[in-house]
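Note that chain A is present in both complexes that follow, paired respectively with chain B and with chain C.
And now, the complex of A and B:
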C-alpha cells in the first residue's frame, strides 16, 4: 500500500510543484517502504538473538536505544519491527476503507431499502467499542496476523461507510449523475466512473487517518496479549513487555512508543499533503 | 414621476456620492482590479440602478457603500450624507448601518434567521438602534410589516421565516431594512430569486415605498427590465468600469455605448419574436492585467485602432447622459441599431413541419409524498402533492415545444418523466408511436440515444473529475461504438467545433471553463449521440444575458442542421418567444393554455397567462398596473397554509 501511495505521489500529473513539504513526505514514504522491505537486513544487530551480558543497558553508542531484559538491541528491534507493525496497519486500513467505500457508495447511491438495511448492519457493528469488537474477532478467529487485520478492518468498516455514504448522498443529487442515468449508463459504471473519482479525496484522507488508528489499535491488541505473539518485534508488543520494567529501564517502553508516534504523525502529514494535491481536479493549472 | 431633471443641476448634497472608487483584491501588480475609478451620485429620494453582468463589480460596489470589503483594498471616496464612509470609526459605522443606509439581499431565506420569529427579528433591529422598550419595538415592527403590505401583520409577526412564501420573506427583509428610517436602501438583486409575478408585486412595493418615504435607492441588477421599472437613472458597469450613465430612458432606449447596445440586442423579449438574438462574442478580460485601451475593445463590434491604445473617458453625449467610447458619436454608422420593438409574427423556420408527432406525452401524472401504507405511530400521514396532473402534449419533428411555468408548476418534473429519470404514476411517453419504458435504464439503446438532456446548472451537469474529451466522448463510446483513439478524438473535436469550442478544450476540466463554455460542452454531449429530441431544462437561466443569447442561437442552429426536436423548459417568456414553435403554459401541474407563440403571447386566453405576460418587467418606464396586477397582489398576499 505504501508503494502505491508513493506511486500516486510521483506519477500524478497533479503533483506539479515538489516543494519542501512534498520532498519530506516523499522521503518519509520511501523510508517506510525501505524499512518494511529490508528492515531485518538494515538493523545493525539481530532483533531476536539473546545477549545476557548486555541485558537492560541504557542508551549508549553501541546500543542507541538501550537493550531489553534479554539483552536484545531495542534500536534493531524497532527497525525490524516496522514490517510486522506497518504491514498489519496498512493492510487493515486498506481493507477497512475498501469495504467502507464500496458499502458507502452502494448504500448512498442506491438508497431506499438497500441503504436502510446496510446502514443498520453498520450501526450494529458501530455500537461495539472498537477495541472490544477487535478483541472478540481475534479471540474467535485465533491469534494470527491475518485475523488481526480482519478484526481491525471490521472496526473501520462502518466508520468509513458512513463517511463515504454522506458524500455520495450529496453527489447523487447532482445533475451529472442524472446526465449519466439519462444516457443509459449502468449502475456499476456510475458508481465506479462517475462517483468514485469524486470521493477519492475523502478516501485518501480517511485511509491516512485509519493507518494511524490501526497502528494504535494493533498495539493495543498486542498490549492485551491478543494477536501477534512474542518474540515478534511488533512495536505494540514491545511497549507492553517493556512497561513492567519502566522503573528499572524507561527506554524499554519509551522508544517503541516514540516510533509509533513518529509514524502516526508522518502518515497524517502525507495524507494531508495528498488531500491537497487531489483536492482540485487538474490541480488548478493556470488557464 | 421622473426625478431626473431635478437632480442634474441641483447643488444640494447627495445622499450618496461616490468619487473615483477603485477596489483591488490581492496585492501587487497581480491584484484583481475588480472596480476601477467609478464615480456616481444619488440625490435624496432618487433611485439609481447599476446594471452589469457577472464579474462586472456591481455587488462589490454595493458592499463598499456599507464599507464591507473584507479582502479588498479601497481607494477613492464614498460620502454618505456628506460623511466619508472610509474614514469612519467602527462605532460611527455601526450607527450608520441601518439608520442611514441599509441593505436588501438577493436571497431572503438566508438574510433571515430561521429560528427567530420575523416580528422579533425586526424588533431587534429597532431596539439596537433606538433603545426603546420591547412593547414599542414590537408595535413598530408590526406597523412596518403592514407598511410592506403584508396582510394581517400582527399575525405574520409571530411566524418563522419558513412559514412564509418567498415574496413574503422578501417583504419582511424590506421591512427590516426600513426599521430605522434609512435615507438610502442598497438592493442587491432583490427580485432575482422570485417568480415573475411575485417580482412584479415586489417592484410595485419598492416604488410605493420610495414615493411614500422619499428614500433613495441604489439598485443592483443584471435585469434591464427590472431596472427600468424602478430606477430614475442608470449606470452600466463593464469589467469594473462605468461605461455609460444617464436617465433610464436615455440609457435603455437610446444607448450610446457598444456594450449597452449589445446587451439590448441580446435581450430576449416577447415583443421581438423570431429575430435572431445578437450575442456579444468573447469573454470578460482578465482584470489582473488591465489593458491600456478600452476594456470592451476585444468584444466590440465597432472597434477602431485607437480603442486598443487609449482608454476612453466618460464624455457627455446628451444632458446628463455620458458614454465611455471613442466612437460614441459615430456608433449609429458602425453598429446595427437596436432592433425596433415591433411584433413580427413571422414563425420560426422549422425544418420539418406538421406530420406525425415525434414525441407524445399522454396523460402523464406524478405525485410526491405518498402516504405510508400502514397507519403506524411515528409515520406521518402526508397528503400527496400532484406535481404533474394529467398532462398531454405533442412535439412535432424538428420543432420546439416550450413548457413555461413558475417555480413549483411541475415543469421540471414533467421533463424528468419524459427523460425517464422519474417514473410517472400514470400515462405514457411515446416516441414515434412506440411506448417508452417509464425508466430510462429499461429503454433500448436506440431509444436512450434518441432522447438527450441539457441541464440547468452547468456547474453541476459535468463531472468535475472528467476532462471535456471524456465528457463529450462518452456518449460516442456508448452509442456509436467508437472505442477510443484518433477516431474518437476526431469526432469529439468535430462536436466541440460545432458548438464553437475548439480542440484546445479537450484537456480541460469543468472548473477551468466559464459558465457559457460549460453549457456548450453540455450541448456537445447531448448532440454526440445524434438525438431525435433534446430535453432542455432551463438551459440558460444560470447564464448572463450576452451568453444566453449565444446559447439560444446555438440551439437554433443545431436544430436547423440536424432537425432535432426540443422540449424546452423555461420560466422566461422572452426566451421562449425566441426559441419555441409551440408554447404550453403550466400551472399547479396542469397545462392551462397551449398554442403557437403568436397565439399565446398575442392573444392570451387564460387569466393566468395574461397575468404572467403583464408581470414581465419591460423596458417601458414604470406603468400603472391594471386589474391584473391587483389580482396578483392578492394572490401573493394570501397567507400560505
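And now, the complex of A and C:
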C-alpha cells in the first residue's frame, strides 16, 4: 500500500503539472533505459569489430564521433557502452542503498549495543576515501563488473545507513510506533510495515543522488583500469585507452568524456528535481 | 579549556580510527580471495607452487600474528617489500607522499579562500545572474570526473594553445616545486573540483546567516554592507565550511589519484595505480593505509580549525 501511495504522490501531485524541465527529465530517463536495454542493437555499427581501413578517422557523416586506432566507430561504442557504464552504477547504487537502509532501520530502531557496534563498523568504512576503498576491494576480488558493484555498494553502505538511521531515530519516538507496540506487533512488523514506508521517499531520493556518485566512481575506476577489461566499451576505459592519442586524434578520449559528463549531469539534475518535489510540503515528506 | 579537551578527545578518536582502518585494510587484502602468492605467480600456477610461495612468504601463519607483525613494521617505518621492484616500500612511499602533499596543499591553499569568496559573492544576491552562473558552474564541475575536466584542459592549454606541459612526468627525485609550470594544470583541475562543493556550502551558510536577526540588527545599526557581511555574518559561516572542507579532503585524495594518473605526476596516487596494474599488493596495502591516515589527520585538523574559528568557543 505504501509503495502505491508514494507512486501516486510522484505521479499525480507534482508531476501532473509537468513543465518543460519535467518532460526533459522523463525523456532523459527513458532514453537511458532504452540505451541500456537495446544499446548494441541501436548502434549503427559493431562496437567490437575491427576495421583497419578506417582507423583513426576524424568525425564525419559516416563516423559522427570518428574512429579509434582499430577502426571501431566511437559513436557506436559509446551507445553500446551505455550498458556496461550505467548498469554497474545503477546496480551499485541500488545494492548500497539496500544495505544501508536495512542496516539503518535495524540500528536506529533496535538501538543499544547493536546500534553502537553496527555504527562503529560503518564509521570504519567511512574513514576511507571512497575511491581508495573501492579500488582496494576490486583489486582483491578481481576485474569483474559484479565486483565493481560490490565495491561501490560498500562505499555507499555506511552513508546510506547513517541517513536512514537518523530518520528512524526520530520516527521511533512518534505515537504511531507506540501504538503499534501496544497493539503487540512484532519488531519485524514494525520495521517493515510501520517504519519502512515512512523512509521510502527518502530512500528513493538517496538512491537517485547515489546513482550520479556511482557513475562518477565507476567511471573513475574504469579510467584507472580497475574492474573492466578491454574490449568492453565502458566509457571510462575508452577515455583511458584513447588518452595516448590525444595529440593525434582528440576525438578518441573527448567523446567518451563528454558522454560521461552529459549522463552524470543529467542524472544529477533528475535527482535534484526528485529531491525538490519530495521536500516541498505535500510532496510526500514522512509524517 | 574546552578547546584543549576537545582536541585531546579528537586525537584519541584518530588513533582508534587508524587502528580500525589498519585492521580493515589488512582484512580486505588477506581475507578476500586472491592473495599475494597468487599475485606473484599469476593465475596459471599449480596449487602446490602457490602453497610453497605462501609458506616462504609466511602467508600460512595465523592472521593475527601476521597483522601484528605488519602493524609493528609500519610503526617502525617498515612497510614491507614491493613485489614489482623487490625493494623496501617505505623510501619510495615517503617521496611520493611528499609530492602528493605538495599538490594537495597548493590546491587547498588556492581553492579554500577562492571558493569561500565565490560562495559569499553568490549568497549576496541569491537568484541573481552571478549566483546562477556560480551555481551552474558548481553543478557542472561537481558532476564531472576529474579526468574529463583534465583532458579538456590538456586539449585547450597544451595542445591547441601550447602554453603548458600536458604531462607532469619528471624524475622521481626532482622536487616538483622546481617545475611550477608542470603543476599548473593538475592543480587547476583539482581546484575546480573543490570549488564546486565548497562554494555551494558557503553559499548556503551565508544565505542563512544573512537572514538572521543579528545581521538585521547590524544592518539597522547603520553598518556598511561589507562590514555586516565580513565582520558579522562570515565568522559564523566559516566553522561549518571548514568542517566541510575537512570531509571533502577525502574526495580531494580520490581526485589526486585520478589527476596524478592523468598527468603522470609522481605522487602516491600514481604509485598506487601503477601497483594495481602489477598486482603489487604490499605496495597497494601500504598506500591505502597512508592515504586513510592522511584523510583522518585532515579531518582532525579541519575540526580543530573549525573550533578555533568559532567565535563562541574562543578565549
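One rule holds in what follows: the second predicted complex is superposed on the first by the 249 of 287 C-alpha atoms of A that agree within 3 Å, B and C clash if a C-alpha of one lies under 4 Å from a C-alpha of the other, contacts with A are read in each partner's own complex, and residues count from 1 in each chain.
Just so it is clear, a residue touches a chain if its C-beta (ideal position, glycine included) is under 8 Å from a C-beta of that chain, and two chains touch if they have at least 3 such contacts.
Everything numeric here is computed off the predicted structure, so don't read it as measured data.
Chemist: Kindly classify A:129 by the partners it touches after superposition: chain B alone (first), chain C alone (second), both, or neither?
Modeler: Second partner only.
Chemist: For A:260, select first, second, both or neither according to whether it touches chain B, chain C, the two together, or no partner.
Modeler: second
Chemist: A:198 in the overlay: touching chain B, chain C, both, or neither? Say first, second, both or neither.
Modeler: Once the two structures are laid over each other on A, A:198 reaches chain B alone.
Chemist: If you tally the residues of chain A touched by each partner, is the higher count for chain B or for chain C?
Modeler: On the superposition, C touches more of the residues of chain A.
Chemist: Is A:174 contacted by the first partner chain B, the second partner chain C, both or neither?
Modeler: The first partner, chain B, only.
Chemist: Please work out whether A:219 is in contact with chain B alone, chain C alone, both, or neither, and reply first, second, both or neither.
Modeler: second
Chemist: Tell me, which parts of chain B touch chain A in their complex?
Modeler: 416, 419-421, 440-441, 443, 445, 448-449, 451-453, 455-457, 460-467, 474-475, 478, 508-509, 511-512, 522, 525, 529
Chemist: Hey, which residues of chain A end up touching chain C in the complex?
Modeler: 120, 123-125, 127-133, 135-137, 139-142, 212, 216, 219-220, 223-226, 236, 239, 243, 246-247, 250, 253-254, 257-258, 260-261, 264-265, 268-269
Chemist: In the complex of these two chains, what residues of chain A are touching chain B?
Modeler: 174-176, 178-179, 181-185, 194, 197-198, 200, 280-282, 284-285, 287
Chemist: Considering only the defined contacts, which chain C positions touch chain A in the complex?
Modeler: Going by the criterion above, the answer is residues 17, 20-21, 23-25, 28-29, 32-34, 139-140, 142-148, 151-152, 154-155, 159, 166, 250-251, 253-254, 257-258, 261-262, 272-273, 276-277, 279, 281, 284, 288, 291-292, 295-296.
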